[in-house]
Structures are given as structure tokens and as C-alpha cells.
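The two complexes that follow have chain A in common; it is paired with chain B in the first and with chain C in the second.
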Partner chain A sequence: MSSPVQDLSVLHQRREQRLMLVLALPALLVILLLVVLPVGWLAWQSVYHNGFTLENYRRIWSEDIYWRSFALTFQISLLVTLFALLLGYPIAYAASIAPRRWAIVILALVVLPFWTSVLVRAYAWLALLQRTGVINQLLRQFGVIDEPLPLVHNTFGTVVATLHILLPFMVLPLYATMQQIPRDLMQAGASLGAGPMLTFWRIFLPLSLPGVLAGSTLVFVLALGFYITPELLGGGRTIMISMLVSRNVELYDQWGAASAIGVVLLVAVGAIFFAVSRFIPLDRVLGQK
Partner chain B sequence: MIASCCRRALLGVSIGAFAALSALPANAQQITFVSQGGAYQKAQTVAILDPSAKKLGITINQDSIPDAWPAIKSQVASGKPTWDVVDVPTGYCLRGGEQGLVEKLDFSKLPNGAAMPEAYRSPYSVAYEFYSSVLAYSQKKFSAGAAPNSWADFWDVKKFPGRRALRNHPIATLEAALMADGVAPDKLYPLDVDRAFKKLEEIKPNITVWWTSGAQSAQLLNDGEVDMVMAWNGRVSALTKEGAKVAFTYNQGILQSTSLCILKDAPNLATAVRFLNEAVDPVHQANLPLHIDYGPANPKAFDTGVIKPERVAQLPSAPENARKQALMSYAWWSSPAGEAAEKRWVGFMQK
Partner chain C sequence: MTMSRPFRITLVVTCAVVLLYLILPILIIAPMSFSAARFLTFPPPALSLRWYQEYVGNPAWMQSTRVTLTVAVLTVVIATPLGVAAAYAISQSKWRIMRLIHMTLLLPLVVPIIITAVGIFFVFAKVGLAATMTGLVLANVMLGLPYVVISVAAGLQSFDATQEMVARSLGMNRLRSFFVVTLPQIKPSVIAGGIFAFISAMDETIVALFISGGQYQPLTKRMFTALRDEIDPTIAAISTLMTAVSFMLVLIATSRSKTSA
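The block that comes next holds the complex of A and B.
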């Protein structure tokens, strides 16, 4: 049936595959050590304590403090993602159409906050937003308000500070995607009589969607695990999942319970990804070609 | 979290190296002592640790950690703890004792501890220093004659309008709620938890911030973010020293302590016991308030004459001030009822 030449090429292909596998081994080992093992250990902790037990999961299921925290965490993460998109898109767009020199300036300003600690930035927001803070003082001076606005020690303050910290994670993937959109397409659109708005809506926006999804995914997942900002700017009411994890370790000294929360969060995020992937090809989002 | 873990790891490494070096001279006795760091640990080093080390002829290695409980648990669970003596909130010693993480003390070897009031010690611990959860307020908002002076005043939002903050933790907060509801300071225990939470629901809409760290509580008052707060006395008096217009009252304060206890199977058990006795010696104890705003746990410290009368008046554990306050029962808080109350807190905060 098959010719000797074909056999040879199949053999050759197999050998190449094996070689690739050997070459990939160190990388796989690193993944095993740094990703698979810790997560596996986490999952094990959550079900094993002097024997197999589902107690930790039963508690999450039956006590409504966990439900409330999960709901609040997803709610805040969604809000942060939405605002990051609203703010990040114009920034990335501006950087992508600006002359190279300006693009560098814009991106540098976006990345600059990475150089300061999250903790410092949280305190900075406290100084800006509190009753006697800069913003309230200015508003009062200009007679906009009589009483200071409650800008911090609530969900609002938490969202603002988290948004500030996560914005670069939205802008950078967006910029990367936008940069790859061929400008010829817009010119082609214009040559067919479309105005700038129409070319944006019909050509640029759809082509930038992979960046939108990549950025949104990144911001959403990172926001789910935030700890310092809700702790400092939430006024004690914004109890996110991460805070329950720390409480379980510090207060109840139950590593199993803390691990179980981590596993549930992981599964929840995985489920969301799965659901999203049915509508949107995730490989395009996560690994752009 | 990250910062503290790494600093601890670094400290651990340096202490390990130090221990290895100092182990070279034959039979030099040493212990590892763990406290909470910062200005507090510096003060006790000068006041208590250095003089004790000198008197006993031992080396005291130090480590510090803001929250020692998880570390104590994992150290003892590993079977080879590296720490000997810890200075922690008394409740940890009691809970640790119940869970077999802390050594039972033989008070015949601890004459200084045995001489202290019974309420200040447990089979596993000896009180080490006192602080108080007090009602503090802004003097800009409340003049001296019209300042809140009790937890009932704190709860009275009509007579004392203003913004308030409480600690995001049930310990001392439930006590304050019950006193606001009319329970006498010496009749608090066992706490009527339902009644306390009910009273807390009442004030909840008027709480601007539920603070999580001592520094935060002081900052809130200093920034004018709140007008009234439950805070630790040392934090408030630190503000006063910086010239802030704030004050506090010891009336109905909740007198709390940290205690010393020894980890189960501590590497230097005998030396640790000797140190523990020395650390509550009246003279060393009297030294502490000369360096920081915490009170000695050994009441005999007030008889040494080391602390000047005007200083005595400022200290939470001075007899005159202690009389106005409620003494926290760590035994109750580490009982099943206490732990249940602690667990109820998160649910209360979320509603």
C-alpha cells in the first residue's frame, strides 16, 4: 500500500517527535515541580486530615459566609475587569496609533506603577480618597460638595485601587494585539467610502477582540486573588475570598479549610474558562500566533 | 504577607548561622525567644531580655513574627521546634496548651510567676506585659468636658455624634458591646455572645471602618477619618506624643496581656524555664514601661520604685487604672464557646 519513501518519512517524523519530547523534558519537569505538585498538594490537604474527609468542602457548601465571599469576589473582579477595559482600551488605542516615540512614553507611564509596591500604592489611594484626602479637600474647596464623599473603606475604594494595580495587565495585551492589526485594512475600508467611525467599528474593533479577551481574562483572574487592597481599603466589610483563606489559617489554624477554598476557586475559574471557550476560541486568546 | 515571610526566613537563616557560631564554645546556654518585632521588641530587649541574659549568663537569640500561631503549630508538628520561648497573646498559650503545643509549667521552678495574681497565669503561661483596648477620641471633635467616657457613650450616637471605628475582631469588641449594654466590667464572663452581637448590630451602621492593624487604628484617628475608636492604649499615647489632638480613657478599658509560654519539646527547655522566671522578675518588669507604653505584668514591679508616680498613672496595669477596667478572660476565649464566637464574627461582618 504505502511506498518505501512514505515509510521513511513517517519514520523520520517519529524520530523528530521523540527528539522534541526529549528537548521539552526540562520544561515539563519545571512545570511539574512548580505547578502540578503544589496544586496537587493543595488538593490533597483539602481532603486529608487524619484520614480522608470532605468536611472542609461540606463547610464551604453549608456556611453562607463562603457563598457571600465568593459572590462578592466575583462581583468585584467583574467590576474591575469592566472598568479596566473601559480605561485600558483608549490608552492602548492611543499608544497603537501614536508615533513610536509617543507610544513608548504612554507605555512607560502604564508600566511605571509596576515599580512601586502594591502596599505603597494601596496606602497612596488611602491618602487620596479618605475624608481629609486630596480629592475630598479639592472638591470641598471648589464648593462641589459640603460633606466629604465616602470614597474609601468600602467597595468603591477597593475597586479603584485594584483597578489601578491591574490596569497594565489590560493595556499591554491590548496594545500587542492592536499593533498587529494591518493599517492597510483601515485604508482599504476608507477607500471604499467608510468614515473613521465605521472603519473602527467594522474593522479595528473586531480585530482587537483577542486582545480584549486576553486582557480581560488576565485582569479578572488576578483580581480574584487580591488580598492587600480589600484588606486596607475595604473598611473591613469587603471580605474577599483571599481574606477568608488567611482567616482560616490564622484564626482557625485550618490549612485544610484554606486549601479547600483554593480548590473551589480554581474549579470555579476553570468552569468559567470552559464556558467561555465554548463561545470563543481560547487558544486565540491565550496563545496568539 | 510576602514581605514578612521572607524577612522571617532571612532572620531564620541569620539566627541559624549565629546559633551555629555561638554553639562553638562548650556548653554555652542559650534560648531562642520570639516576639512581635518593631518598637515593642526593641523596648523589651533593652528592658528585659538583655538584663536577663546577663544575669543568667545565657545567650538569647531573637526572632520576630507578627502572628506566631501558625508557626508554633507547624514547628511543634514537625517534631523539632527551633524556638523555645514565645511572647504571644495569652490565648495562644492556652489553646496551645490544650492542643499539646505548649509545655505545662512547673511553678515551683518559677517563684516570680508563682507570686503573681492567679488571674495573671495559667498552667501553661505567665503574663508578661499588659495593654488595654480603650476608648479613644479626637479632642478636636469632643472638648474635655463633653468627651465620651464609657462604651455606653460610644454607642450613643445622638449625644455623641461622629464617626466611629472598631476592631475587625471579636476579642475585646464583644466585651465593649456588653459593657455598653450595661453589664458590669467584673460580670462579663461567660460572655453573653447573642446579647453582644445584638448590641453590635445596633452600632454597626455608624461604624465607618473596622480596622485590622493597630497602626491603622491610630492613623484613622489622626487623619480625622473617625472621631472615636476602640484602640490599644500604646497606639493612642504614641499619637499624643507626636502632638496629635487625641485622648483616651481607661474607664471600661479591656485589660489584655501577652504571656510567655514554652514550646513543647523546646530545644533548650531547662534554660527556657530559668529565663521565663527571670523575665517576670519585678525589676526587669519595672524597666519595660520606661521604654514603651505597656504595663508590667508583675504587680510587684510597682513596688520597686523604678517607675515614677506620674508614669505609673499612665500605665494600663497600674492598680489605680486596672480597677476601672475589665480583665480579659483568655480562658473563656479559648473555650469552645469563645472559639464559636470568634467564628461567628465573619458572618456578622458580611451582613
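The block that comes next holds the complex of A and C.
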């Protein structure tokens, strides 16, 4: 039996729920109409063309160009993630042990490029790396090389520029995790007779692993979908997945193929996020973005 | 923590090199934009404003600048209220569906942008929004929403919701109590969210590549096309201006949110 007071509060709760729904609705509608609907449409179109068909997926599976592009994309993403970890770990570590003043300077320099447009940075790397670019000119002036090095319009240029854009996404989660590692633990390790190297390997490194996982996931997943840097710095030879999508639409008018590639990419990204979410909460991964 | 001297030196040197790598493009773009040379040489042989004049004197670049600024302003004007309303609803309601809505609102950050771009292109082509200002603004509102939601939701987390209850128990209606009590206190995070949406709209390239055209091409699309053909130093000038604008806005956003803390 419910009392009239309870009924009233249930009624009130319902009204409250409805109001909140109404408030969230406009934003939700924008996302539903401009993300969910278009992506759903792509998925539909990848399997439906005058009837249900898996032809588009069969082609991805069987045609060499697609295979090579997928392999290359995973290879580049892996390479970028690895280098981001190698370069990002010392930076995050230094920021986590440095005095506050220095930590702020280091972090400011890390997020500075964040706020420079991706396009601007692609342009800068073109200017730095091209045949007559700054780096080749300097190397020639100092007599290190006679012929300009092929630094751009290839996979190397793509990796350098992609890494540049994604490095902050590695450093920030790493720093956030390292900062929370209690210093007492290190001191305890040292007091028990472990040297600095041993305390690092046995205590600090394992405790920083959640940050490593979060940063690596973010960098890897973002790299998988990169478009601008491979398009501008790859010189038409480094065809990544996203370029396959755009080429199929713009050059060949192959909507089915483009959709199928997009769906495969989306499933890969979703699967990675899902797998990682079993170890660390997803909002901790995405929070850095 | 004790560290051996060689280890310390290695760490400092590594950091210096990596940080240099991170800021190198910014260090190089600005000087190049003031170069007098026709081709990219560094350091520039002589200084001039030639590339800035080239930019300002070119009607196509100017038209694109107008489009970019209009889109960015309209994006902020639309995305901010929508995002604030949604973030408020999410933070107030303990209803399970709200968590799902919250995650849905962050989707633009998760779905690879190329997929979103192609999907929108397809939908816009069907409904006649391709190559229109409305279409461009709508797409950027979608891309900017997550930033507003994240920023405002964070701001609301440190806000004590009972204050609004008190105002309402004293006779204010809900709307007024929000505007009088809540909004002023979360203002810094609202402004920060709006600024992030502005920067996101100003920098957005991939979706614009697909859905914009004709006279409604933002700067980024024109820059991208120009970069594919040849390296025109005018782009260094535009890049420097764009970077300066984003930095200024970020400074405002971060100094605002600091005073609130």
C-alpha cells in the first residue's frame, strides 16, 4: 500500500525525470542525427545493395590493396604508439618527480602543440622535412650529407608528424598515473636496501602500468583513424585506412566499399576500447582527450 | 628520491630533446611567415609582411576566413546552451538512462572522424545540406558538443546542488534559480567549454573536406587543398594567425577556470 505522500513523491520524481530528459534532448538529437544515423546508414549500406550482400566485406578480405593498407595502418599505429611510449615515459616521469615549478613548465610545453591546428603542424613538418627543407639544408651546410634525405612523402614523414600530434595523449595519462604513486613506497623500497634502479623496476614501473595502458590505447586508436597527416606527408604512397575510405568515396564513388572499410575500422576501435575497459574504466582513458 | 648523477643527466637531456621536438613546428612557422623569400628557406633571408599581404589581398582566402569565423561563432552560440542543458540534466539526474545519454554525447570523440565525415556527407547529400552554411554549422555543433558537456559537467561536479534547492524553497522557480544561483558559479567552465567548441570549429578539417564546397569553404579546407598541390608560404602566415588566435583563447579559458578553483 502506498500512502498519498509516497504517490506524490513518485509523481514528483517522474516530472523531474521528464524535465531532465527534455533538457538533454536537443543535444542528444544533434548527436543522434549527425553521428548515430550517418554511421548506422553506412553500416546498412555496407551490406545492402539491391539486396543483402557481403560482397563488400569479401572484397576487403580478398583484395590485396585493402590488406596491405590495413596492415600498414596497424604497423604505423603500433610504431607511433611504441615511440610515444619511449619518448613520453621519461617526460611524464620527469614531470612527476620535478619540483612543482618545473613540472608546470614541462606540462605546458607538452600541451602547447595541442592547441595548434593539426593542419598547421602538418605544414610545419612539410617545411622541415622536404627535400629543400630546413633539416636537409642544415645537414648539407654542415657537410653531413651530399644528397638530400627522403624524409617526407613516405612512411617516415607520416610517423614523425603523427607521433608529434599524439605524443601529448601519451604523456598526460602517464603523468596523471605517476603523480598518484605514493612516494612512501619508493622510500620503503630504498630503506629495505633496494637501489634506485631496483625500486624503479619493482615498484614505480608496475604502478605506472595503468597509465601506460590508457595512453597506449588512446594513441593507438587515434592513430588508426588518422587522415590529414598521412594524406599530406605520405605522398600518396602511405595509404592508411581512412584514406581508403575517402578515396573510395571521392575518386571511385564506391559507397559500399567505403562503408565496409569504415565499419571494419569502427569495429576495431570499439573492440580495443571494450577490451581495455575490462582493465581500466573507459572515462579514465577518454578523460585525457 | 635518490638518483645517480648520470641517470639525472640522461633524463634531463632526453626531456629537452623530446620537448624540442614537440615545440619545433611552432618555433619554425612564425619566422617563416615573415620571410621575404618566394621559397621556404630557413632562416629567412630577409623579413617582410609579403605573405600576410598576399593573404589579406586574396578574395578567396578572405571569403574562407569569413566562413570560418561565422561557423565558429554560430557553433559556440548553438553548442554552448545545448551542452550546458545536457550537462545539467546529466549531473542532476540519477536516472540510469542519463548515463547512456552522457556516453552518447561523447560519441563524436570516439568514432573515427573519417567515418563520421563520410556518413554526414552521405546524409547531407540526401537532404540537400551539402555545401551549405547550415550543414557546416550543424556538423561543427555536433563536434563541439562533447567539449562543452565535459567542461560543464566537470564544473557542476564541484557545485553544491543544494544551493539551488534553497533558492527554490525561497520561492524562485527552477529556471530563475538556475540563472541566478547556478550559472554564475559554473560560468568559468561554461566559458571554457564554449572556447573549446570555438577552437574545434576553427580547426576542423576532415568533415569540412567532405561536406563543404562552393563559396562556403572554411580556411582549413582551402589550406588542405593548397598544401596538397604546393607549399605556399601564404599558408605560413595563415597558420601563424590561427595559432595566435587559438593560444589567446586557450589563455583566456585556462585563466578563467583557474580563478574559479
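Simple rule for what comes next: the second predicted complex is superposed on the first by the 225 of 289 C-alpha atoms of A that agree within 3 Å, B and C clash if a C-alpha of one lies under 4 Å from a C-alpha of the other, contacts with A are read in each partner's own complex, and residues count from 1 in each chain.
The definition used in the following text is that a contact is a pair of C-beta atoms (placed from the backbone, for glycine too) under 8 Å apart; a residue touches a chain by one contact, two chains touch by 3 or more.
The shown structure was predicted, so the numbers you read here are calculated from the model rather than taken from an experiment.
Q: Who does A:130 touch here: chain B (first), chain C (second), both, or neither?
A: both
Q: Classify the contacts of A:34 with the two partner chains as first (chain B alone), second (chain C alone), both, or neither.
A: Second partner only.
Q: Taking the superposition as given, does A:249 touch the first partner, chain B, the second, chain C, both, or neither?
A: It touches chain B and chain C both.
Q: Which chain, chain B or chain C, ends up touching more residues of chain A in the combined arrangement?
A: Residues of chain A touched, chain B against chain C: more for C.
Q: Between chain B and chain C, whom does A:262 touch in the aligned arrangement: first, second, both, or neither?
A: So A:262 only meets chain C here.
Q: Based on the superposed arrangement, let me know which partner A:16 touches: chain B (first), chain C (second), both, or neither?
A: In the superposition, A:16 touches chain C alone.
Q: Contacts for A:227 in the overlay, against chain B (first) and chain C (second): which applies, first, second, both or neither?
A: A:227 sits against chain B and chain C alike.
Q: In the overlaid three-chain picture, which partner chain does A:275 touch, first (chain B) or second (chain C), both, or neither?
A: Neither partner.
Q: Thinking of the overlay built on chain A, is A:153 touched by chain B (first), by chain C (second), by both, or by neither?
A: first
Q: Looking at the overlay, does A:239 come into contact with chain B only (first), chain C only (second), both, or neither?
A: A:239: touches chain B, not chain C.
Q: Considering each complex separately, which residues of chain A are in contact with chain B in the first and with chain C in the second?
A: Common interface on chain A, chain B vs chain C: 119, 130, 132, 227, 231-232, 246, 249.
Q: Report the residues of chain A in contact with chain B in the complex, numbered from low to high.
A: Touch residues, chain A against chain B: 63-65, 68-69, 119, 130-132, 150, 153, 227, 231-232, 235-237, 239, 244, 246-247, 249-253.
Q: Write out the stretch or stretches of chain B touching chain A in their complex.
A: Chain B reaches chain A through residues 1, 3, 67, 69-70, 73, 163, 168, 208-212, 216, 223-225, 342-343, 346-347, 349-350.
Q: Touching residues of chain C toward chain A in the complex: what are they?
A: Listed in rising order, the residues are 1-4, 7, 11-12, 14-15, 18-19, 21-26, 28-29, 32, 39-42, 82-83, 85-86, 88-90, 92-93, 95, 97-98, 101, 104-116, 118-123, 138-139, 141-142, 145, 149, 174, 199, 202-203, 205-206, 209-210, 220, 223-224, 227-228, 231, 235-236, 239, 242-243, 246-247, 250.
Q: Applying the document's contact rule, which stretches of chain A touch chain C when the two form their complex?
A: Contacts found on chain A: 16-17, 19-21, 23-24, 26-28, 30-39, 41-42, 45, 87-88, 90-91, 93-94, 97, 106, 109-110, 112-113, 115-128, 130, 132-134, 137, 164, 167-168, 183, 186-187, 190, 196, 224-225, 227-228, 231-232, 242, 245-246, 249, 255, 258-259, 262, 265-266, 269, 273, 286, 289.
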